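Across the two complexes that follow, chain A remains constant while its partner is chain B and subsequently chain C.
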Partner chain A sequence: MQLRVDKLGVIIAALAAYGAFLAPFATFRANRIVAGEARSISEALPPVWAAIILLFVIAAAIVAVLKTPSSLRLAIAFSTLAALALGIGAAAGHLTPPENSYARVSPASGFWVLLFALGLLAADALTRLRPSPLVRVLFLCGVLGFIAAVLMSGTWDGLSLLKEYAGRADTFWAEAGKHVMLALGSLAAATIIGIPVGVLCHRVTRLRDGLLGVLNAIQTIPSIALFGILIAPLGWIAIHVPGAAAIGIRGIGAAPAFVALFLYSLLPVVANTVVGLAGVPREANDAARGIGMTDFQRLAGIEFPLAFPVILTGIRIVLVQNIGLATIAALIGGGGFGVFVFQGVGQTAMDLVLLGAVPTVVLAFTAAIVLDALIEMATPNRNQVQSA
Partner chain B sequence: MLRLPNLFRLLALTVLIAFLVQPQWFEPLLRPLVQENAPAIYNQGSLLQLTLLHLRTVAIATAGATVVALALAILVTRTSGAEFLPLSRSLVNIGQTFPPVAVLALAVPIFGFGEKPTLIALFLYGLLPIFENALTGLTTLPQSIMEAARGTGMTGRQRLLKIELPLAMPVILAGIRLSVVISLATATIGSTVAARTLGEVIIAGLQSNNLAFVVQGGLIVAVLAVLIHDALQAAERSLGSRMGR
Partner chain C sequence: MIEIEGITKRYGETTVVRDVSLTIAPRTVTVIVGTSGSGKTTLLRMINRLVEPTSGKIRLDGEDNRSLPGYELRRRIGYAIQGHGLFPHRTVAQNIATVPTLLGWDRARIDAKVAELLTLFQLDPAAFGPRYPHELSGGQQQRVGVARALAAEPKVLLMDEPFGALDPIIRAKAQDDLLAIQKHFETTIVLVTHDMEEAFHLADRIAVMDKGEVVQYATPAEMLVKPATGFVESLIGAGERPFRLLAIEAVASAVEPGTAEGEAISSAASQREALSTLLWSGRKALPVVGPDGVLLGKVSLDGLAQRAAGRS
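For the complex of A and B:
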């Protein structure tokens, strides 16, 4: 048997070697404020744990360097990631002196580099395996389930990130609710309004160019600028329109953030509706007309179902974008995970930043995978959409 | 040449420059937005200087991102780099689900406060659209043209410089435009980590409850972004038509 070397694998192995042997695995701080002290894998973990982790990493590096089947690469990548996830929890327990509630242990650069290297290995193997949409979603559920199980089991409770969480569990879920409300609520509003507007634009050419131009310009405006600009008119409405303040319209807070996210969402929804409808084959429309379908029947029964995958692509763009942009709402008092990010930046507390950033990234990532799978399932024939 | 939209852009540019150079001319307009004795025009720095710093940050980051992204895209579309192509595509998709704010905030603990984390975040995030578009441009070239080039005995390097890159240029430029627009926005948020950009005006307004600051900062950034976007798009079009596409 001839052994061949995988180029990407060499890079992954080099990264993993750096992460495991040269960079610190965990950072120990005597309290929340002081500078951290770096600890390598052998210092941060009990000997048995350190040996297990190093064995996993070395095995993964060997599998990565040699040309091996993608399923094996995927399996070793995920099991090593799982070992790392449990290991960092063990490090927290090992490094924190007993009865000490001030000490903080957090993952250090070596941990993140290992995570990145193994993530690359897993992503490459997954890309090559080309799993079906359903399998991808199941995979995602498996990973999220594993993370949830580790969180529930308390393995990570000693980590600084979780200590930040423990101090503000109530606020965390309240801000999480606001974040999801902002991202999903503005998407729902944009879908309800954007799809009919898109249909209208498809029918009336003159309206299309003008409206898409304006929406395009809005999309270009940086989020915080748009949030700020909207504070003035919404504040005016709150004061001068009776009843507006009662339903929560105010100059600052969630209202301008919601309106801004809604405006950002319109372009992808409207534009993709137009593109989707324009891509409906002429023959389909002619046949529908031939059998005597009314305009509305044709729209609901023929055009819309055929354009649906393209419209869904617009919704995917909006959802991922909104989840990210909702973070900035915190700057104008709109709440969301951004609250922790900006508080953390203000206090130079990295763990607090992570408490806001990690859930945002997980949410955006989950949304992207689920919607990509939905789009693929809704697309009967790939060529059709590409020609659209 | 001077159609209505262009006339409008010219007007916007004139007003923008006038505002940056002589902000006090516009004081009466902004006065109603603030309380009695609060300043209506940003008074903690020159608006013009902040604008220039903002643009400089974006320009440096985009230039760096363009060079690196283009080099990477060329690398993975050669036969020797083909092993990296599938992964590159997935990485771009994954990277774009990261919100720019998260990238910015996470750069702070590593690089400290100020310009540095902002530049790094802008650079990293700016890579993605350019890389993605360059990949699209370089992998969707008409097969017939590529074969003709090979048939005439052009070397790999000649093909790249004379055929592939020029043909992919419009798509690559569109990626650079996207990257610039995202960078302009992220640079604005950069002032939360103490980078000197126009976001400073908005943040100062939010902190001191000064609506005039918020509105003027917001409008300057907004007009700047729309004008730059349109200018780049116009440049793309004229380049595209000159190349007969």
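For the complex of A and C:
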């Protein structure tokens, strides 16, 4: 067999070598706030563990550099990632002195670089394998299941991130619920309002430019400014509209956050609905009218199904955007994962920042993969317009 | 019977169709020809009220076409367009079943109709029914488009340049198929085209439109012999005239008494084919046989030359 070199693989191997041998694997701190001390793989782990991890990393680097089958690349990437995940847990146990509840162990730059390099290898292999949407979602479930199992097993309990979690388990899930509610609720509202508005814009040309212009303008307002702008009107509503305060409408808190996210969501939904409807073949529309469909039958039976994948793309943009943006809601008391981020920033406790940031990233990533799969399933090649 | 009475369509200041009156006999093929912008498509679309006329009246079998809501009227009239207009997200069978479904036919009747039409258009129902339009060739898509237009057994079929996107060989076949289907269902067809060849091939009567007006409404033969205006004459093409005239008449009407040497020609063939055979074989006359093989007489070069000059 002729050995050939994979270009991306060389970069991955270089990153992995840096992460494994030059950068520190874990950081040890005597308590939560003091500066940390770096520990390499051999210092951070018992000798057997260190050997296992290095072997996996070296094997992965070799597989990455050479032109190898995508399935092999995927397998070695995932198994090395699993070894790293378990290894960082072992490092926490190894580094923390017995009976010491102040000491903190957290992953250091070498761990993150390795994670990035192997993630790149896995993503590249997955892309080359071109799995069907369903397989991609199954892969996602597998990875999430593995992370959940490791969390449940207590392997990571010694890590400082999990120690931060342990102290805030109740609020963590409450804020997670608020975060998801904010992101999904505003998306649902934007979808319910945005699609009919998009249909209207498609039918009434004069409305389209004006409305899309306004939504575009809203999109350019920075989120913090928008929260500020909303304080006055929502505060006024809370005082003057009976019952508004009772259902939680106030100048600050979840209401303005929800309204802001809703407003940001409208443009992608409305614009994609308009673009999707405009992309329906003219002949199909003409034929639908010519053979006696009513306007509603044509909308529901022809235009909407044909525009659906494009509309779904808009919803995907909104969902991923909202999951990230909802973090800012904590600034005005709206709750969500942002609470931990801003607390962490205030206390210069990076682990607390991560407690807010990591779940947000996982959530956005999951949403993107699931919706991409949905879009692909809704867009079979039958949407191709074929000329005779 | 379609009676068009004084139909006018104006968009703002522009008059697209000006005071057109036509009577279209049932079970015939009427072709509306004209250059682009002549108003022919607008006239067609006013019959099923895709376009509402500014003034004038259209009656279908004596009934004003405004006595029903537009969509109900259109369910009773077949409609086929260039580029077939099939719904890309529905299968061939679902496409054909569209109007029967709108009309609330029961499942069994719809399935039977779909199978009947696909068979009639030489498409195997089991193989083609479940396919999507993009999996078909251009000619097959066009046939499905016409099948869909005929699904609810309309008495009238409107066609807007239905063969415009087909290559010449498939187009000729599609035209012959259409004539066979028209005989089969006894449908009244109104077809719009800019292709004179197609008009002469298909039409019982041709309406020539120019700048929103019908300048001549006549049988193909009349139109060839007595073009009403210079525009009609140029549309026919002066050089093509004798050949078109021969092409629309069967040999049967040019039979002379007597016999001739050589291979016989069928009386059902066009006179143009007879002329072509005469010229190619270098003979002066051909024997003519009827459909049953009986010798009817001869067709001569001189006789055809007379007819081609419009002096039959």
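Following the convention adopted for this analysis, the second predicted complex is superposed on the first by the 381 of 388 C-alpha atoms of A that agree within 3 Å, B and C clash if a C-alpha of one lies under 4 Å from a C-alpha of the other, contacts with A are read in each partner's own complex, and residues count from 1 in each chain.
Keep this in mind: contacts are C-beta pairs under 8 Å (C-beta built on N, C-alpha and C of every residue); 3 or more make two chains touch, one makes a residue touch a chain.
Bear in mind that the values here come from a model prediction, so they are computed numbers and not experimental data.
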item: First (chain B), second (chain C), both or neither touched by A:G290; value: second
item: Touching partner for A:A300 - first (chain B), second (chain C), both, neither; value: neither
item: Partner chain in contact with A:P281 - chain B first, chain C second, else both or neither; value: second
item: Which superposed partner A:V204 touches (first chain B, second chain C, both, neither); value: neither
item: Touched partner set for A:T327, first chain B, second chain C, both or neither; value: first
item: First (chain B), second (chain C), both or neither touched by A:C141; value: neither
item: Which partner reaches more residues of chain A (counting touched residues only), chain B or chain C; value: B
item: Touching partner for A:A166 - first (chain B), second (chain C), both, neither; value: neither
item: Residues on chain A engaged by chain B in the complex (per definition of touch); value: 6-8, 120, 123-124, 126-128, 213, 217, 220-229, 231-232, 235, 251-252, 320, 323-325, 327-328, 331-332, 338, 341-342, 344-345, 348, 350, 353-354, 356-357, 360-361, 364-365, 367-368
item: Residue ranges of chain B in contact with chain A within the complex; value: 5, 33, 83-84, 86-87, 89-91, 93-94, 96-102, 105-106, 108-109, 113, 181, 184-185, 188-189, 192-193, 199, 202-203, 205-206, 211, 214-215, 217-219, 221-222, 225-226, 229
item: Chain C - residues contacting chain A, complex; value: 48, 50, 71-76, 78-79, 81-89, 98-99, 102, 132-134, 137-139, 141-142, 145, 148-149, 158, 165-166
item: Residues of chain A touching chain C in the complex; value: 281, 283-284, 286-294, 297, 302, 305-306, 381-388
